[in-house]
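Next, two complexes with chain A in common: one pairs it with chain B, the other with chain C.
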Partner chain A sequence: MNVTADEKGGANARTQPRLELYGITKAFPGVVANADVSLSVHPGEIHALLGENGAGKSTLMKMIYGLLAPDSGSLMWDGREIRIEGPMQARALGMGMVQQHFALLESLTVAENLALTLNRHGRWDPNRIAARIEDAEREYGLKVHARRPVHRLSVGERQRVEILRCLLQEEPLKLLILDEPTAVLTPQEIEGLFAILRRLAADGLSILFVSHKLEEVRGLCDRVTVLRSGRVVARRDTADVSVEDLAALMVGDAPPPLRERKPVALEARVRMAVSSLSQSTLDPHGTALQSVNFELRQGEILGLAGVSGNGQQELMAALVGERSSPPEAILIDGQAVGKLNVRARRKLGLRYVPEERLGKGAVPELSLIDNVLLTRWAKAMQWGLLRLGQARAAAQSLCDRHDVRHPGVASPAASLSGGNLQKFIMGRELDEAPEILIVAQPTWGVDVAAARRIQDGLLALRERGSALLVISDDLDELLLLSDRIAVMSGGRVSPVCPVASVDRAELGQWMGGNVSGWEAFGDAA
Partner chain B sequence: MPLRLQRRARPSFAMRLGAPLLAVLVAAVIACGLLAASGKAPLDGFYALFLAPLTQASGWADVLTKSAPLALIGAGLVVAFRSRVWNIGAQGQYIAGAVLGSALVVHMPESSAGWLLPSMIVLGVIGGLLYAAIPAFLSTRFNANVILTSLMFDYVALAGLHYLTFGPWRDPSSYGFPGSVSFQDAASLPVIWAHTQFGLGAVFAFLAAPLIWILLRSTLFGFQVRVSASDEASTYAGFSRPRVVWMALLLSGALAGLAGLMQVAGPINQLRPDIYSEVGFSAIIVAYLGQLNPLGVLPAALLVGLFSVGANNAQITLGLSSSLGQLLQGVLLFTLLASNVLVNYRLAKVSS
Partner chain C sequence: MNNAVWISLLAGVVVAATPLLLAAAGELVCERAGLLNLGVEGMMAVGAVCGFIAAFTSGNAYLGLLAGLVAGLLCGLLFAWLTVQLMADQVATGLALTILGHGLSGFIGHGYAGDSITGLPALPLPGLSDLPVLGPILFQHTLPVYVALALVFGVHWFLSRTRAGLTLRSVGEDPKVSYSLGLRVNATRYAAAAFGGAMAGFAGAFLSTSYTPMWAEGMVAGQGWIAVGLVVFATWRPLRLLVGAWLFAGVGIGQLFSQAAGLDLNTYLLSALPYLAVVVALVLISRDPLRIRLNTPASLGRPFRAET
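So, the complex of A and B:
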């Protein structure tokens, strides 16, 4: 690590701050993303930037990294005021950023990927990079398979590759920005990441850790800056603050409590049954389904946990009819539906909400009126024409009922914020009171209040007697919502067990690909 | 202060209207520059190209007549392009419609039966439709690229047209000139503007655009076309992509075929090897100039029609090359694509 001795010493030492922000303000049309934000990070400090989705964390990070220019305010680096024109300059100063969505080419090896961005002026030489990766492994304990193609890596490994890319850049790394780094990791992988980060910080690296997960912030970081609606509402040493305090600071008013969970007085009739479903994948980097078995009953929420990319998308495509399967592999109310298409299965009462909202759950360039019709067109036909007036009224009442903030139902779906769009899409499907609802990542990227609304909606549908399958990589949410839970890993689905009887650590093991004990558990469920 | 392109929060409606106007303006300036470079007085050239046709009623009739097939084919292409089906074979479909519609006349040149003209129209539609079915089949069955197949079949159609008009369908009394017999009145669409070529066919051609507008807005097929902006969303909605590809190609092909028939049974009055005059390609420009909006196609078709008449006019009065019209269209397509950037982006000053 290329830091001088006097820079070491952690946050408490009275050193020159590495990065200081003063009065940073940034407005976008219609919304102030950051207002008068000040922040300082010292060498060797792990500093948390805590806030809900939409609080303005990502915008702030983008301004530090030169991806956006602030409207006003100043930025100091090692005591000098600077203006960062772009990521190239940020890197030249010694900054590195790991974004939520990794920028890796799947078909290249780790060394080839790194060779593309590092050493840009020299010859393209993956072998030399591979040697440097091995050095880095010794130095920081960052384990990465240099010669393995990226598509064979787990998400945790990919993240380590991104961190490594920052560490190996030409200018010695002084500040590492991590944007929601744990969102895609298993509990075990998170521990591994934290060990690496602590070691890097001990060597004098400053780390900005962007998160909305309170426990992690308390466990890892030295100091925390809390953002709410674009403003700094608190700065604390994490040692002085409890998780409850942090929650209150982050959310402001306490979030509305979740709807009370009522027992459903229905026989546990099976609505959807999946048996021995195996399927290759069309995506060269996807995951094939391997003999998936489970049953979905009426009046229950079945949670399917697992790290993204373990076959969830493939399973969803098969369940809803986007891909056909052997007819008997999927039964709805006893009827073999494997060969039925999306339209036919929707007629049988199966509705679903895909993970991608803009571009699949809604067409960005079409109006909210048209987007209401996207999954309801079959009922909106009259004499061969679409009843547009009725669709307009439906869009209006949908937005009113589900508190979707919108600039008019004739405006395109792309003009909605992510949270509002999700409320719109969820509302569209929930209002149809489907017999079976399959939802992927119901509250991903949605603020706490909106997430509560969505979760309430799911619970209400469960009480009605519908069968719900919720696919998510947020284990906490699944434990909160589900009656029974299963884990997906490597294209396989674990035995289903009642939420009351699961062990979090064991679920984590399963999510990480350790499938020992799956058979034993099957009988208990 | 340097300028930079900044993404707009949402596409600008004003620019959707303004971009084509800006493009036309820039294209006109470039055209004047080209005229100056070729040693002509730019203002004279500009006048001959853009204004002279509009100074007399017959000029207007010419422009309307030229625009009609462009509006008809362009309206069909809007449906195809909005479905993201890149049918650039309207040329071939136009020829196929003209040829199949002419077959009746060639085989019964003296007939004056009342059913002749309606049958020709139906055959014209079927010709374009069947010809567009080839790329549709190749695309849905073998996943062949529609751009390539539809374009290549243009040349096949052209070769077929040449074979027929120089060979078996040549009028024996034409002193060796290629082309079929001239169409009798019973096989021709009536002229409704005396002493011009503006006929009933053109009127119907201009009616296609509003009908397509209603189709896109209010029918299930139109909805499928609009949702085609996103493949994933189409799948989610439960729409079948092959079906949309078929429908989009058949519809745009049928309209192109109808346009071909209306030309041979209208202003041209004969099946000739030169009936096509790039109209199928100009219609692509018309569709985009109209911002892929069926109603936008109407002014766009009139403008491109004006270019075409103006270029002829400039050739006669100033001795300019007749390829000037096509050159202008090319320039216009470029400026249009460039100015369309402003729909989604705006120019912003970068403070430095």
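So, the complex of A and C:
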């Protein structure tokens, strides 16, 4: 309805490009996020922006959408040079953006969220808005519940709401920017999304599809621009390029192969056991745990897959001792620890890396030195006093070994980029060689080479006989790392199965909340 | 006690609740936009002194109300300028505003202590004021009493039924998201702070031109703080302000009556009763943390800055 349908067809160089960027440069303190980036998108084209985590894709999209201002370079819209002062102006031009972290207000209903950007100058009539949502649902096949508050929606539904909002906005939508839209979806939901995007493009909409997933780019997009370290390294028609070529373009040098895995003895000692763990949630937008059961054995990596927001945070809090549970619900080496606090559980050898880097994994305002001390103060103590020289040296060597790029170890943790902070926190815990390690999203936001290093560190730890629980929404990574795998959905944990015998499609079904197969699967653990 | 006493007691409660309702409704709007303004007490003091001086010099108590409102509005804008524009810490700025308001009102009002004015006349509402029982309790008061009651319902309607109210709630819940949707975060917060200040100033002027038509330093006497507490007590829902304000005022008035009735109780203990009542009430309503968090403006007290 809102899509201009006058210019159909794919990447046609003769038509007027809808958006052109020339020489866009943007620097943040200590890092150049985009250097001399040029790009063009035509009407009806699905254009991929491919690059590793930290390559500068999100920064570029934020500049197009007016959330950031470029340091230099120019931007053309329908052939005219423009300056975008803010998202308000971007929307007025006909841009819509679905950000990686959804821009939805959780306590409002879907209709209220949409009302914020809809028909802004007219009278506000909730019934009319609901009617428009229903029309759009029918037209685009986007199923949403208009009167439900957003915090009750699944991640897939939230994304549909975001897309719907872009389609319904007052100014006809001409360019849709999707920043890593598939990161939070199950394989089945991804197919549904792609079908919708293809239809919209056929109607003349330009789509900028930001991703680091090669198969998706090949399968969906017409053209691809590859970013590496903030620079454009290639522009291709996806029809002319193989997945392997794309990978080489994106990563540059191929990352070192992962170390060979030694088989783990199945009868190995159980280090941590969780039985019938149920717990309400303290977060109004959270998920309660429902009778969670699993065992974590010595020398194994147990992967816990699932779309985030399905109880992973609540489970983590219960396992590490941020919340107490019935004593017998969690055993470490046979000892009931449900009532023990974080510190007592650390003494039993349990370490963890939370999903929330700033605020839980590290204190944003404290220096890197102090952040090292947070979990390792015992080693820098002498006669009850901290030895600051030693702490500084420890922080320095940690950063050197794990390739953490930083403006100085005395600078606050918040000054690190997400990927570098992740390397820092993972390095801090891996160096301690903990007996039991629980990690959420171990390679979140880091590039391929660094991810490989972190994965290698996890495998090395496994070889030393530690027990590792890796919680992630990246199914591919879990299949690569884990010995056994389970799925978390709606606060429940599926039976644990050996990775060698799992079916990817079935895991996808489970992640989507289809738990009917769980019981039939029996207790494989 | 006979019926007449009860009616005059309840009418007293409605009047005593008025400054609390006014200031708390303003603060509620301000907080729903994400600004925690702890300067209500100071803004009320400034409103009270400006209101009194205007009423005293002009001889018109209604001008006093207007002056108090404008003075409070300016205080609210000052708060917004400091916290929204200059990104000063909201808690510290609010506390500073309270201290500033106290000092400033004492300074300005120095020569006026002991002067007296004719207070606002009562405006019995035609028709309604003749109702038995309800008439004298609710409908034989001065203008600000009616304004306060209308304000609570007005704020409820504004927040739940209008686009501007929806925008305000969005800004309070998540300014970043609101900004990326093209909403004017800073303008919304300025407006909310100005409204909060204006209502606090109006409440102060009601104290000095109607409740006790005179000026004395420190006459606000903690009512601004009670208003701040009432917003939490009401879990940021306007209609609950009524319950809180009447409960509070009721305990205060009841204490006066019990003294007059010659009950032999420690007066300090009696004066502490309203505060104890609020603590008990807060504990009781805190038993459902989930619901409270859903209503709490998620960005309350946190500054917002657009990336550059």
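Keep in mind that, in the parts below, the second predicted complex is superposed on the first by the 501 of 525 C-alpha atoms of A that agree within 3 Å, B and C clash if a C-alpha of one lies under 4 Å from a C-alpha of the other, contacts with A are read in each partner's own complex, and residues count from 1 in each chain.
We adopt the following convention: contacts are C-beta pairs under 8 Å (C-beta built on N, C-alpha and C of every residue); 3 or more make two chains touch, one makes a residue touch a chain.
These numbers come from a predicted model, not from an experiment.
When both complexes are overlaid on chain A, chain B and chain C end up sitting side by side without clashing.
Judged by the touch definition given at the top, the superposed model places A:Arg147 against neither chain B nor chain C.
Seen from the CA centre of chain A, chain B and chain C lie at an angle of 40° in the overlaid model, rounded to the nearest 10.
In the superposed model, A:Arg261 makes contact with neither chain B nor chain C. Of the two partner chains placed by superposition, A:Arg269 touches none, neither chain B nor chain C.
In the superposition on chain A, contact of A:Met88 is made with chain C only, not with chain B. Contact with chain C, but none with chain B, is seen for A:Leu108 once the two complexes are overlaid on the shared chain.
In the superposition on chain A, A:Gln99 makes contact with chain C only, while chain B stays out of contact range. Of the two partner chains placed around the shared chain by superposition, neither chain B nor chain C is touched by A:Arg198. Within the superposed three-chain model, A:Arg405 lies out of touch with both chain B and chain C [touch as defined at top]. Remark: least CA distance from chain B to chain C after fitting both complexes onto chain A is 5 Å.
Touching chain A in their complex are the following residues of chain C: 162-163, 166-167, 169-170, 173-174, 176-184, 289-291, 293-295, 298, 306-308. In the complex of the two chains, the chain B residues touching chain A come out as 9-11, 217-220, 223, 226-227, 229-230, 232-233, 235-238, 240.
Of all residues in chain A, only 28-30, 322, 341-343, 346, 354, 356, 359-366, 370, 373-375, 377-378, 381, 384-386, 388, 411-412, 414-415 touch chain B in the complex they form.
For chain A in complex with chain C, the residues that touch the partner chain are 62, 65, 67-69, 86-88, 90-91, 97, 99, 103-108, 112, 115-117, 120, 124, 151, 282-284.
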